């Protein structure tokens, strides 16, 4: 049997831009989930204030190798 | 870095109607997940018995603020 | 209020075929999640090596009854 | 070989609301089709008159167990 | 309870063009189904021969009022 | 040349339920747009507060007959 | 006017695998519908029991030549 | 900063065919909106009467250059 | 009755990048529409010249609170 | 092993109508690709000039039998 | 600058099953294209004869590393 | 007959950001294909290493004018 990956979904936000919102979601997820492997952008949106982008918000799907042998492994996402 | 939201998916069901099925999914999720913020309906379905709707089933995506500083925070969804 | 199901997403892989990749994802999930009830195929992909399929990879959505009364229940997916 | 289900599509309408439109489609179908088992909402629309909803219209897919042994079984949908 | 419509799907084809393929599907359906009311184009495709379109093929969804009171009404589609 | 319809998109919200959110969007639109004819539900979402639905939000597409002969006709949507 | 095809939708199921579920749907349909010509897989799902696939379920769209000249032709799907 | 386009959606109809329905929507829009630049077909549907197409209806998205310097510019669509 | 939002669609373009194209669409819209609240990216495209991106073009949906009490409010989008 | 088809994508355009734009794409492709077998319409769009359709543009997917034994076979699409 | 992959689309067919149809498409492509890396299933269909599957047909997207430095590299797909 | 465009699909990658990944795909394609005219973003994904984006990967569709009169023209994509 090959590797199994779990997939979870997060929305990161940033005032700076799309890449920074993606990085924020990944950085937050990596505090809890080990073995993060890939991401996929699902939605890009944001809020507007005074005729300008107040912040970008990017919904990403994150895939991580699921290792069922170790204690403390993050629960399935 | 801005707020990060995690998104999880639940299916609630109800004999009464669509809104009640949505409420059921949210009420159940709120026992485990703090900071539930928004929902989005993804599918509406149900079962039929004797020519009538036996129950409605609504699949919702739920977004909740992910607070990585507190102990006991619900795991990523 | 009716039953509530949580839905989680996994990618299983196998050198043998599509069904084996699905079974692998379910077998892994069942070590952590009780009450697995149904699955739905979302994507079918894989890797190629030397002009042959090296392994198949199937992304499945898994639904499981969420029982909020029992201790030790798997966290929401 | 397992059960086979046929799937047919109906649009019910109602002045009262979304659930009533779903019920109307199922009630009508159940006069002709035996073994109706599940439904899935595909579209929600309606007509407007004098700035109010004149009626809701819900397109549902209906699944029914197809029993090829009995005479009088509804034809495949 | 309001009107109920049944929806069926047909593919018409024509050497002449897209409209003629749609008309062919509707003309054929109208021999069996009463009360045809609307159509919706779902797919447009066709076959090629000698570097030219041999025929167009248009898949349409057809809606017809379902009148459960009359004998001889076409079965649900 | 046949009738021409313009289509505009609104999001109504309500604490009461899905139908009331749809009605709110239509009632607001009807103050500015004449000849509203049909609607189509595009998204259903909402916000959550204290483990309950705070309000439902329904995005609808609204179609209205576009009458270019009359003064004061609402601008194209 | 060219050939007209009707399209109907069935869900077959099997404990053995995806191909067997497809074959089951087609075998059942062929008892009632003549001139079955092609199929298209629309959904792949199934049920889980004791951490294993209990059965696969495949929803297929089936196309069959619609011959309006013969008596006993299956009704439009 | 480059050009900005606004996008609006119209449904034209015609007894003659698909192209004529598209032309009707564009001709009507051009009476109010300046600088129409491109269109994109979104849906093709129509009504049936006496076993024939009564009229075709085509929903198009229309893009027009938005020039915010001129008075009398059409409102955003 | 809760707030009502209107949704309009614009395409901004920029030689600099994706964020700048989004900002351009929002800046232009804000000259005519008050109460712009959120955006959602729908398409990302662009033109190529001499093997390089000549400009990025981003289609965004913009939501703005619709206030029907004030004179001079922007027409429905 | 059965036949293998390659699929390529082209956009044809025409001032005359949708069918002519499809024919143009196929005629051009047939100068380079042998064994063109089927097409599928993916998008229909066009440009507008002086309130009229300047030209229609239809994106088609083209399938052609891939014959790997012959020299000079068109490269994979 | 990182790696660049080209993506091409093929349809393989087989009397045996879904995996064999996938393998057939990849085996054929590998005679012309070097560096095939991954595949993704896009459609599953097939033909029916005498109430049985005559052959399965699977449309796959194939990704291959594009190496622009070597002579004889397969043309872009 | 109007212009014909061929459409090909590439995935570019970059450690720097989304725009750079798009530029990489276009720069590589322009070495082989003349007359590149437009691009459209289809997917945005990437890989993660040590809790950070290792590289972005953007799948783009590229359109180029197909000039069948010149020798050496790039083969259809």
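Each chain carries a letter (A, B, C, D, E, F, G, H, I, J, K and L) given by its place in the written order, and its residues are counted from 1.
As a convention for this text, contacts are C-beta pairs under 8 Å (C-beta built on N, C-alpha and C of every residue); 3 or more make two chains touch, one makes a residue touch a chain.
By chain, with names taken from UniProt: A, B, C, D, E, F, G, H, I, J, K, L = Dodecin domain-containing protein.
The shown structure was predicted, so the numbers you read here are calculated from the model rather than taken from an experiment.
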item	value
Those chains which touch subunit D and also touch subunit B	F
Candidate from D-E, J-K or A-I with the same interface as B-D, over half of contact pairs in common	A-I
Subunit G and subunit L: spacing of chain centres that average the CA atoms, whole Å	39
Cα-centroid distance, subunit A relative to subunit B, in whole angstrom	20
Multi-partner residues of subunit D (each touching 2 or more other chains)	8, 18, 27, 31, 75, 77
Inter-chain touch pairs (all)	A-B, A-C, A-I, A-L, B-C, B-D, B-F, C-G, C-K, D-E, D-F, D-G, E-G, E-H, E-J, F-H, F-I, G-K, H-I, H-J, I-L, J-K, J-L, K-L
List of subunit C residues in touch with subunit A within their complex	8-15, 20-21, 24-25, 27-29, 31-33, 55, 57, 59, 74-75, 77
Complex contacts: residues of subunit C adjacent to subunit G	18-19, 22-23, 26-27, 30-31, 36-41, 62
Of subunit L, residues touching subunit J in the complex	1-8, 61, 63, 66, 68, 75-77
Parts of subunit K lying in touch with subunit G, wherever the complex brings them together	17-18, 43-48, 50-53, 56
